[in-house]
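Shared chain: chain A. Partners: chain B in the first complex, chain C in the second.
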Partner chain A sequence: MLIDAFVELLNLWVLVAALAGIVSGIIIGAIPGLGPTMAIALLIPVTFSMEPIPAIVLLLGVYQGAIFGGSISAVLLNVPGTPSSAATAIDGFAMARRGEGGRALRLALYASVFGNIFSCLVLMALAEPLARFALDFGPAEMAMLMLFALLVIVLFGGGSKLDALIMVLVGACAGVVGLDPISGTPRYTFDSFAFENGFQLIPVLIGLFAMSEVLLQAFDSEPLVGDAEVPPLKSSVVRFAELWQMRVTLLLSSTIGTFVGILPGIGSTVPAFMSYNLARSRATDADQFGKGAPEGVAAPEAANNAVTGGALVPTLALGIPGDAVTAVILGAFMLHGLAPGPFLFRDHGLEVYAIFEALLLSSIPTVILGLLFFRIAIHVTRIQPRHLLPAIAILAIFGAFSVNNILFDVWVMLGAGVLGFLFRRSNFPLPPLLIGLILGAPFEQSLRQALLTSGGGYDIFVESPITIGLVALIFLSLAISLTLDLRKARA
Partner chain B sequence: MKFTRRSSLALLVGMAIMPVSAMAQQDYPNRPIKIVVPYGAGGTTDISARQMATMAEKILGQPIVVENQPGASGTNAMRTVAAADADGYTLIATTSSPSFVTPALRDVGYDTLSDFIPILNYSGPFHGVVVPADSPYNSLDTLIEGAKSSTVTYGTAGAMGGAHLAFASVAKETGAKLQHVPFDGAAKATAAVLGGHVNAALVPAYRDLVKDGQLRLLGVLDGTKDPDFPDAPTLKEAGLAAEFPSIVGILAPAGTDPTIIAMLESAFTEVASSDDFKTFMTELSQPVRIMSGEELAKTIEENLNAYREIAKDLGN
Partner chain C sequence: MNRAGRGGGLARPGFRTLTAGLLLTAALWAVFALNSQIQVFGFGDAGPDARSFPRLVLWLLAGAVALRLILSLRIEDAPLGDMSRLGRVLAVTASTALALWAMRQFGFFAGAAGAGFVVAIVLGERRPLLLGLPLIVAAIVAYGGRHGLSIPLP
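Let's look at the complex of A and B:
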């Protein structure tokens, strides 16, 4: 299987897709303010006509490239492209001001690759067994799992819990529009045929993450990056011995990234800061952290790259995405006929393993291109996003239309863009909205399916070992969250 | 006559339009033909339509492009094609649900009988009544009898689909307590029956799972038996007055010239009856079931009426 899958990758198009993805990812990620989620959302429509393997390889390449690109602007300009590289910026920018920007970027690159390889191996080990286990996930189990996922993003997603709760509910309510999943009757469609299909994920995604960015920047008079001087880059090397000294930090951070990634809904910001704090508490020279400690760059980078592999585990095995990016990738999988769940590995094992291997192997071109690019990328960081906004807007419209070839989706995209703009302007987080939209409708369906099979009895939600375990997890996470809040209030 | 810019432009436009309208039937097809598929790329309907298109291109001498317009269980695409020019350049490869199931339930913005001319039927997956291998039910009879004493749950690919309606009428007729549990697609309904979360499922693509011994096939919802499983009766053979015939056919907008329809019917029939196409479909685990345009029209009409009756009973 592994060898057959590898043979699938020996294809010019797969290589071209990987390289194109990584390069465009690094460029988009390096531009301050443009992040991986937007890059992937914009590029999904480009992959419509491609075969599944190169299509997904392209998108994962974009993702990996964009994460690294994001650390370029974080380190050199102190402008994190994504919230998850905010932790990298703390020590990375401090190093850059000392003239060690090149070293910081190399460290970030190697740490990212380490995190990626680690989580990819975990993914390969866990996804298929979990997918087999997925047959045991009936409606009741799925309902409890999704409730847990929604709860986790509200409680531990970082930021205000109330904000996250409101966003999850907005997303879930948007998911109600369309045909009722149980009775098949139209809901909130205003007698319009177009609404019967509900709001499609991809137009909403493009609107929320790409169009809202265009509006946000267009209405923002303050440029994100001034003409601040980029610190000079001295040529430098990172020796293997240095990385070897960091092995424990790298391993711990990757583990945190992968396993927090597996928990649905948290995303990569929380594990990045968790491993930064862990690295600081373990360090002998803890006072160096914040002033340019190399481990302060490596730890969060390893963690935020490891999240992808972890987040893909529940995405592929159960169809429950771990964060905004995997939600986008899930959309891409479905679009290419690779439906997650118990049959994914049976019906499309070859494609899935080829994609895993591509994710693993793409570390090689990421390192090469990353090393080649960061001198060029310094210039990219000076690109003012406003010069790209027209292109992004056009790509967004084109992309939304091309999903179903109907104009309605373009209006949905524009509506989501305006809504996303207003929410971001008022500092509401968007990822919970997306997860609410993705999980809201299936949660409703599973809940009602479970009640149909049990004849209306609620005991079905505490009948099987899986549901009991999930209910226990739900109470445990509520308790943890409450304890943390109490401790914070006392301190 | 003085040639102004405007009049010469009008003349040019006139010249450009005239041959198209006058010679439409004679040199058909003289540009690419579009087949709309009401489902996403990569599904069985899409793959089989693409194969059909590739093979028919050689006969018709023009490229045939397949365009996917998924959503709203196929009714979006049907509405688009119903409104398209009836010139033989826009066709639809459609299935049971948007042709006679959904239109029987609610206003979908088109009438399959008056807005379309069926060209031919070329496939249609068999839908089976399957139960887990360790289920106490080993025939349709025992399933129905069992459902008279305690509720039997069954999963289908979605609410108000053909399979659901067929079993709803069985339940009504026999008084059996059959509880429908709709899933989001046939794959999820199959997973639910494999995991024992529902007692039975009405799904296509059961062949490998039944041969593998994971599921037991009690019967098929179609009007004819699945040739792979001659022991599984149709609902009618088991004494139940319901069926859900599955079609995959090509329709053209109503008003298309009969000579064009005849030309397309002969081209597509030639493809559908070829050995190459059959081999391709077998690999896809799909049967080849050829019906002429006339027969398909009759099937659609009969079922549309039958489903309207069932829907009325269900209180829709």
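Let's look at the complex of A and C:
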């Protein structure tokens, strides 16, 4: 299988897609305010006419490139291009101020690649066995699994639990619109055929992440980057021996990134700060952290890149997205006929392994292009998002239309944009909404199928060892969350 | 937001109060309209019907949002800011809506370019080159979409 998948990669278009994705990702990530989620959502329509493998490789390349690109503005300007680069900025900017910006960026690049390779290997090792295990899941097991995923997002996603719960419920309510999954009855369709298909994922994503950004910038037109001077970049090298000394930090950070990434809804910012704090607590010169410690750059970068592979494990094996970016990637998989879930590996194993190998091998061009581009990307950090927002608005209209070639989807995109603007201004988190939208309908379907099977009896949810295990996990999560809250309240 | 402020909620409404208020209204309307919007034909099946899940999530949403509104009374809200800022948001939304409405008559290029141009103006762009950028992007997207990706744009 691995060799056959590798043969699939021997295609010029895959290479072109990987290179184009990584370069555009580095550039987009380097512009403060533009993140990988928006970039991928806007690029999905561009991939419509492409084969599935180059299409997904392009989007994953954007993701990889954007995470590294985010560290460029974090290190040089102290303005994180992506939220997960905020931890990198602490020591990266301090290094840049003392003339070691080039060294900090090289460290960030090598740590990013290490994290990516580590998480890719974990993804290749875990995703298929997990999917094979999930083949035994019936409706009751799937319902409990999705309930557990939704609960994890609410309890451990960071921020206010009540806000996360509200957003999950908003997503689930949006998922209700359309035809009932069991009886086919129209629900909240206002007697319109257009509503019967429900809200399509891609227009909603484009609205929430791209159109809402346009509206946010219209509301708050202050420049994200001032006229601060970029510290000079001196020639520098990072030797292998230096990286070898950091091997434990890189390994621990990548492990944290990968396994936190597997949990739904947590994203890459939390593991980046967890790894930073762990690296500081383990360091013999902990007082150097915050003043330009190289490990303070390497740890968060390894962690936030490792999240990619980790978050793809439940996304591909179970159809449960790990964070907002993987929810967008899940949408891209579905559009290309590769429906994530237990059957993905059985029906499209070759394509999926080719994509895994491409993700692993794209570390090579990431290093080469990263080293080539970070001097150019310094100028990119100066671009104000407002110069690009008219183009983003046009691409958002085009992207939403091109999903089904109907204007209704563009209206949905605009509505999602306005709601996204209100939610983001009100500090309501968007990832729980997205995951609620994706999981709401299949959760209801599994729940009702299970209850139809049992004749309406709820004991079906505690009959099999898998459901009992999942119910136990649900109660354990609640107990852990409650304990953490009580500790926090006492402190 | 900080808890040391003078409080928000209904006394000094901001974005959170506005958004939560809209959500609560929408959830309550959806509960009220549940029976008219979802027809159920009973065939004697045991278990939940097409209305059960929407009813459950809508009531949960209404309850959670109401709790958020109550708790927000003690928390300073994100201010709405001066009306000109909201006006810019409304201008972008209205111009995009107008572009969509006009797209059937005038085509994708005119609609998208118009919306992009308004966005550029609203964001404070005054340089001719950058004001012309939406026209160029719209032309490239329209041409590429039709001929490269074979998308039947309006």
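Following the convention adopted for this analysis, the second predicted complex is superposed on the first by the 491 of 491 C-alpha atoms of A that agree within 3 Å, B and C clash if a C-alpha of one lies under 4 Å from a C-alpha of the other, contacts with A are read in each partner's own complex, and residues count from 1 in each chain.
Please note the rule applied: a contact is a pair of C-beta atoms (placed from the backbone, for glycine too) under 8 Å apart; a residue touches a chain by one contact, two chains touch by 3 or more.
Here the structure is a predicted model, which means the values were calculated and not measured.
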(request) In the superposition on chain A, see if there is space for chain B and chain C together, and answer fit or clash. (result) fit
(message) In the overlaid three-chain picture, which partner chain does A:Pro139 touch, first (chain B) or second (chain C), both, or neither?
(response) first
(message) Under the stated touch criterion, which partner chain does A:Asn277 make contact with: chain B (first), chain C (second), both, or neither?
(response) neither
(message) Residues of chain A touched by chain B versus by chain C: which partner has the larger set?
(response) C
(request) State whether A:Val170 touches chain B only (first), chain C only (second), both chains, or neither. (result) second
(request) Please work out whether A:Pro442 is in contact with chain B alone, chain C alone, both, or neither, and reply first, second, both or neither. (result) first
(message) After the superposition on A, what does A:Phe219 contact: first (chain B), second (chain C), both or neither?
(response) second
(message) Taking the superposition on A as described, I'd like to know which of chain B and chain C A:Phe428 touches: first, second, both or neither.
(response) second
(request) Please state, to the nearest 10 degrees, the angle that the Cα centres of chain B and chain C subtend at the Cα centre of chain A after superposition. (result) 70
(message) Looking at A:Phe48 after the superposition, I want to know if it touches chain B, chain C, both of them or none. Which is it: first, second, both, neither?
(response) both
(message) Quick check on the superposed pair: does A:Phe401 touch chain B, chain C, both, or neither? Answer first, second, both or neither.
(response) second
(request) Classify the contacts of A:Gly455 with the two partner chains as first (chain B alone), second (chain C alone), both, or neither. (result) both
(request) For the combined overlay, can you note the least CA distance between chain B and chain C, rounded to whole Å? (result) 6
(message) From the superposed pair, tell me which chain A residues show up as contacts to chain B and also as contacts to chain C.
(response) 48, 180, 182-183, 185-186, 405, 452, 455
(message) So in the complex, the part of chain A that touches chain B is made up of which residues?
(response) 48, 52, 134-140, 179-186, 193-194, 196-197, 200, 335-337, 339, 341-343, 404-406, 442, 445, 449, 452-453, 455
(message) Could you list, by residue number, the parts of chain C that touch chain A in their complex?
(response) 1, 15-16, 18-20, 22-23, 27, 30, 33, 37-41, 45-50, 52-54, 57-58, 60-61, 64-65, 67-68, 71, 78, 81, 85-86, 88-89, 91-93, 96-97, 99-100, 103-104, 108, 111-113, 115-117, 119-120, 122-125, 130, 133-134, 137-138, 141, 145, 148-154
(request) Quick one: which bits of chain B touch chain A in the complex? Just the residue numbers, please. (result) 40-43, 67-73, 75-76, 79, 105-106, 108-109, 151, 153, 158-160, 179-185, 187-188, 190-192, 194-198
(request) Quick one: which bits of chain A touch chain C in the complex? Just the residue numbers, please. (result) 45-46, 48-49, 162-163, 165-166, 169-170, 172-173, 176, 180, 182-183, 185-190, 211, 214-215, 217-221, 386-387, 389-391, 393-395, 397-398, 401-402, 405, 407, 410-411, 414, 417-418, 421-423, 425-428, 440, 444, 447-448, 451-452, 454-456
